[in-house]
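Next up, some structures in structure tokens.
You will see chain A twice below: alongside chain B first, and alongside chain C after that.
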Partner chain A sequence: MIKLENISFDHCIKCTVCTIYCPVARVTHLFPGPKQSGPDAERLRIKNPGLVDESLKYCTNCKRCEIACPSDVRIADIIQDAKWKYVKKGFFRPRDFFMSRTDLAGSLGTIFSPLANFLFSFFPVKILMDLFLKIPYKRSYPAYERGTFRRKFKKLAARQKTFEKKAVYFHGCYVNYNNHSLGTDLVRVMNAMGVGVELVREKCCGVPLIANGYLEKAKKNALFNISSLSGAAAGKGLKIISTSSSCTYALKHEYSHLLDMDNTGIYNSIEYVTKFIFDRFEEGARPPLRPVSIRAAYHSPCHLERLGGVMYTIDLLKKIPGLDLIILHSECCGISGTYGFKREYYQISQDVGYQLFRRIEEADPEIVITDCETCRMQIEMNTKYRVMHPVSVLAMALGDER
Partner chain B sequence: MERYETQAVVIGGGATGAGTLRDLSLRGIKSILIEKDDIASGTTGRNHGLLHSGARYAVKDLESARECISENRILKKIARHCIEDTGGLFVTLPEDDPVYHNELLEGCKISDINAREISIKEALRLEPNLNHNILSAIWVPDGTIDPFRLAASNILDAKEHGAGILTHTMVTGLELKSGGNIVRAADEKGNQIEIRCDLVINAAGVWGQHVCSLGGIELKMFPSKGSMLIIDYRINNIVVNRCRKPSDGDIIVPGDTVSLIGTTSREIDYSRIEELRVDDDEIDVLLEDGEKLIPNVSKTRALRAYCGVRPLVAISGETMGRNISRGIVLIDHSERDGAEGLITIAGGKLMTYRLMAEMTADLACSKLGTGGRCRTAKTPLPGSEKKISERKNVRAFTGISQSVVGSTLYRHGLRVQDILKRDKKNYRLICECEMVTEGEAEYAIKKLDVKNIIDLRRRTRIGMGPCQGELCAYRSAGLFADFGIYRPEKSIELLYNFLEERWKGIKPVLWGDGLRESEFTYWIYEGLLGIGEIKFDDDPGDGDGV
Partner chain C sequence: MAYDCIIIGGGLSGLTCGIKCAEDGLRTAVISSGMNSLHFSSGSIDVFGYRQGGGKVYRPFDYMKETAKSNPAHPYSRIGSRMVRESLEFFNDQISLAGISLHDNGDENHFRITGLGVMKPTYFSQDSVFNDKFKKAVEERASIAVLNFDGYRDYYAELTVSQLRKNPIFKRTGIITGKVTLPFYTRTEKNLHEFRSIDLARVFDTEKYLPRIAEEIKRAARGARVVSLPAFIGIDNFAQIHKRLEDLTGCLIYEIPSLPPSILGLRLDNALRSRFAALGGEYSGGDRVNGGEIMDGELDHIHTENYGDTRHRSRFYVMSTGSFFSAGLRSGFNMLDEPVLGLRFSGSNRRSDWYSAKFFDRKGHPFLKYGVETNKYFNPFGSDGKAVKNLFCTGAMLSGYDPIREGSGGGVAISTGYFAAKRIIGEMKKNK
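Presenting the complex of A and B:
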């Protein structure tokens, strides 16, 4: 049965441009493409929920189909929705359970970080994980930091109070557990623009939970985040910024589209960080920047493209003096969060990313810049280049002064 | 000139003709069916596909109601793959006369229809998109039936019992004389055919008037046009009827992947039955009244509108569309007109096609003095022999996507075994809207008397989805050449005709997303492929076989 409000699939005119743009359909015949899995199959699923295809599982939810669609069909949402509404789920899936709870894994990982990092890169352990958890041994894992970003932030918190203008920072799991320097870079950049950073209580945004089918848990997290963030946003009129393109997309769109949550209270306040910086620069709060003299290639993450944020990032990068910027052809890197960490999808994930890796190597930059943490993992694993977040590059241009 | 000899000739390939052919074949009577167009291309294929419970007739026409419910029970057993047992509702809206509700319940009780009043809450649970302001609801054992599949299965079974069938063949002359009737006909290529037979059965529906006139007999039909509107997808999973006296726009039927809003009723002149079109005000009526049953239905995409002609026979003086009895009319012309070898079966409904066939075959047998008892009430149609388990079949065809297996199974029942073989090309998709594979198209073209893409559509649903042939049309056109049925040039002509036929039904509802889709289709076929520039060979004898 279909609710008559939710009928974007009805607008599909079968032009098939989404399937042309689908990075997965390009590399494997196992996935028939977004048109057939989304709007076409939706009609059949409405008729009979039993007509659901297992091939839905190959969708990475990169949302490139939605960018391509001229008819505004929410193709990826339809597929995600169908995937978890109809496809049978196993009773307990240990791998997916831990992989989707990035905050739980992160809390443990940061406590035992030296041991965890050693184990996760120790070949025999990887073989065992491949055998028992179906996590491909060829995959390298992100290292855990010692302690959390939130703890580190406590030292910076006092200074933040001195700023008149403030913004709430949704740091997400990656900054909290795996990359503190991105968080501190963000704080430096914000402070340099005259903006103080506030943290509120937050849980994982829910992207990995949605990708692994734990929708109820994702809803709980969404509810927690919405109420926590709306206190700051609605109450004080602050912007909520994030350095993760996927977290931003989830907070802004997937909460309402996929999880049926009411996020109107925070919708207008959420901004991806480069948009916020762009606006501050426009207002004249542009700190003095020193030339960085770096040759960099910029890769635009799929979710940032869907969010419409790529132009702000590029604009920001262009304002950094001495940055020799190559903008790479828009390609999906293939990792798609937890997708590339699963044995059954590993090869597809690598095949999808191949074009991107090749283009990066042809460009031969000194560093690669990208907004997304998992794109970073994928590129670092498959090329020899160091990957940086645009905010960190900007922080580099600020120099060392405190 | 081709000559055949047989016991009975059935004229008309609608449900009644197909049913009669099957009934005769099961009784061992040699028969041939002649159809001027395709199986189920007339009235049979142009209705809303409702498996009546009889409740619609229970207030005014108890005889029809009883016939419907008894056939309803039979068809659910013998034609499983043509039927979906959805159940139905009769809902009373605030502006409707509440008395009808009780009359309906009473009528159903008398006619032995298992109807029961249910709470509004229960009705909304069964059908969440229903108008929330309904005053009362009655559940009835309505369902849906696919007339194309029903007629084609009857033909298939008849053929497997030795019957012959000639589609796209027009009867041009009837010579009725005792001791041997002659039916003359011509096919599309102009080949003349002559069939010598003991008995001619006129099952041509509304065209029966013309058939009779060929034999010099007068039979007056009162054609009544009914128009329907198809919605892109299933907005309801259960038949929704309006609980009031039969009127325009009082039913929404879920049929396969779509929903239909039906129907209007307009008297038309017999001379116009070949040039039927849906009027704009009919569409307005259907959308307005549909909206009252299921709010927002008018905001969904309308795929097409079409109309059919009810074959109402005038026996006495009545001339009004809804007031003429829709009952079965079986005429033995030997009594009425002194024509020994002619029977006409007319009137009735899709629902009662089997009963009509049984009555006709009974009369035919008594006239021929041979044949056994009717077996069609017990013998399942090909594909419906056993209860169909979707899960079992999906498991049997691992590796083929569930939507393909499920859709093929839904359309062909157990014959799915002949279609989805372990050959990759068998499950290459031709139609992505309705999941029609190359294997299914091949089966239909080779086994189910398909002569062109329009026929193929009736057997498989090619081109019946939201794209209305945008992507499947050229793929299926190519298949006719691939299978060696026609030369490639002829395939292009088939493609052209198919697009024209689709276009006819789209024109009345050309707005919104449907309009965008049509523009895109036009761009592909005219802009990209230049189909309008192709000149087709007019010589009819030149286009066929390789």
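Presenting the complex of A and C:
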């Protein structure tokens, strides 16, 4: 049976524009491009799952095809769906299992953080991981923080209650386990705009689970997050903000499009942080900003482009006095979450990012700014520049007082 | 106000308008959903190609003046031929700043060759497209080799040649066909038949194989002086690649537009978007404007699909959302409208009125003239019948002209976009 809402492939007029903008098809012929792997092949797969062409596994789900499509075909969703519906996956996949369980890996990593960080950067260990887990030894891993952001937040929580206006912060795994300072920067920025931050119970948004084929687990997480967020936030009319463009996209769109979850209760409350800041500034809650004299290059992540949110980040950056901003040509960095951490895709991931790295080096800024945590890992590994989140740059402009 | 000007639609018209606004220092944003129709175009800019009663237009600006009185609703008649010319010069300057040199014949059209071998009048073409330089060589009895790539299925050189032979210009010319084999790709894991224009253009763009490709072209051309290739000679660096290939082969090489994606169109799109970005314009490709509110003859705000209840505000707005194919205009079973703001529409709702029973009717199909109705400044009318003063409609969504039958789509898109930008810049100065 074909479900009526899943026939957006039927809108495809075969113009092949998506293939022009596919970063993977640009660097390898192993991937036939989004048109062929998506709407073209879907017709065949529906009739006979035996006709599935495994080359679709090279899709990174960057969604640039969907941005390019003039006919509103949800190409990347079609490919993601087919990837796990039709392609056989092994039962025992330790690497994919751990990579997609960011909550599990993060909880362990933050408890043993000095040891974990040492091991993951210790060359012999990396060689072993390459041999046994097929995680390329050339890849550097994000370091774990000591303890979680949620624990750190407890110290800040009391002050948050003093604000009349509030918002819920979906911090995501990266802030919780790998980058506390982004979380604390966000709290400072929100407070400066007169908004108190609340946390609710949350699990990994599900992006890595979807990417690695653990759809049932992703659905469980989605259900948990939807009920937790809608109870605490949407019920009280609060906005839910996130500092991760991919988490935002998953909560807002992939839950309903890909996982068949009903997220209508939270849909209008979810906002990527720079959009929320834009609105607060428009309402007049614009804190005094001191000049930050930095030359920065801005890279827009694919999922933020898909969300149509790049305008707000650029608007925010333009409002920071003294920031000398170079906007880089919109390009995929290639890492695409866990994709670039796999040996079989490592070279493709690097080739995709090559143009971006080259452009960053040409621009030669003092720092690179981007909204996405994995873009950050990719850029820091491949260029000599430090990468910051827009919210952290804004926090710099707020000055030092707490 | 966050923006001075928000442009809905990032095609030829919207980007031309955006570049002009951004160049004047206005805070300008373009919101586009999906890539524009340049990707399906010939990459040449037609200004006026065919006369009302049939026959070709040789001097487009003269013809514009000639018909201004008898056809006052035509966008050109509203703008005037002088401003149309000014807008085209602006466009040419901007494109050349992005590294593409456009050929024109001054006051006259030139004739390019299509994939079917038809000669079509047009105003601007990239230097690598058939123009008077190539025509002169043909008239001096140079022979032509019309080549294709071995395995490429979206183009047939024989089809081009069968039409060309009927054309008096090529009567005394030797025309042969041939196939270029790309040596590198005989060993690829990918089936050559799966190649699309973009794959082949990327092979050229690497420049790595140019000497070998040049050898292949020479072999296939069998001594012909002029060589025709489907338009794959590179994307970013095509001007240099084209020149290098001509030097290496000793032939004059011209390009024929291919089936989508059109590389000739893609080059123009890249050039326009890079100019817009270089001038500080903000481009959002991932969202779709789906509504807005008109109050007292002004568009107050718009909203988009991904940000549901959020209002985007700007001092001025431009709509260049295109025609039916680009979803700027919408057709139902027995209705037509402009879907974003419900602007006043000119055209019949009766389905049977829309088209002519003959596909190649010389009078054209009526629906191609349908579109949004505007005043002489290209302000559309809201549901209350009042002109919306801070909103301009430009390009293919306009009524009053038939881009296909007249061969005027490119010129109208550029000139109306430019006109709107000039009006907005003027108003902004007045308000200061």
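Note that in this section the second predicted complex is superposed on the first by the 401 of 402 C-alpha atoms of A that agree within 3 Å, B and C clash if a C-alpha of one lies under 4 Å from a C-alpha of the other, contacts with A are read in each partner's own complex, and residues count from 1 in each chain.
Basically, a contact is a pair of C-beta atoms (placed from the backbone, for glycine too) under 8 Å apart; a residue touches a chain by one contact, two chains touch by 3 or more.
Small disclaimer: the values here were computed from a predicted structure and weren't measured.
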Sticking to the clash and touch definitions up top, decide whether chain B and chain C on chain A clash or fit. clash
Answer with first, second, both or neither: which of chain B and chain C does A:Pro32 touch in the superposed model? both
Looking at A:His329, would you say it contacts chain B, chain C, both, or neither? Reply first, second, both or neither. second
Let me test your reading of the model: by the given contact rule, A:Leu44 touches which partner, first (chain B), second (chain C), both or neither? first
Looking at the overlay, what does A:Asp53 touch: chain B (first), chain C (second), both, or neither? first
Does the superposition put A:Thr313 against chain B (first), chain C (second), both, or neither? neither
So in the superposed three-chain picture, is A:Ser245 touching just chain B, just chain C, both, or none of them (first/second/both/neither)? neither
A:Ser71 contacts which: chain B (first), chain C (second), both, neither? both
Contacts of A:Ile20 with chain B and chain C, given as first, second, both or neither: second
Touching A:Ser8, do we find chain B (first), chain C (second), both, or neither? neither
Given 56-64, 92-100, 110-118 or 272-280, which one is the stretch of chain C whose C-alpha atoms run into chain B? 110-118
Taking the contacts chain A makes with chain B in one complex and with chain C in the other, which residues are shared? 15-16, 32, 36, 71
Sites on chain B touched by chain A in the complex: 128-129, 232-235, 237, 254, 256-257, 294-297, 299-301, 390-391, 394, 401-403, 406-407, 410, 429, 432-433, 435, 465-467, 470-471, 513, 516-517, 520
Give the list of chain A residues in touch with chain C in this complex. 15-17, 19-21, 26, 29-30, 32-33, 36, 66-72, 252, 267-268, 275, 278-279, 282, 305-311, 314-315, 327, 329-330
Given the complex, residues on chain A that touch chain B span 1-4, 7, 9-16, 32, 35-36, 40-44, 46-48, 50-55, 71
Show me the residue ranges of chain C that touch chain A in the complex, using the header's touch definition. 2, 29, 31, 33-37, 39-40, 188-190, 194, 196-199, 202, 260-261, 266, 274, 277, 282, 284-287, 304-310, 325-326
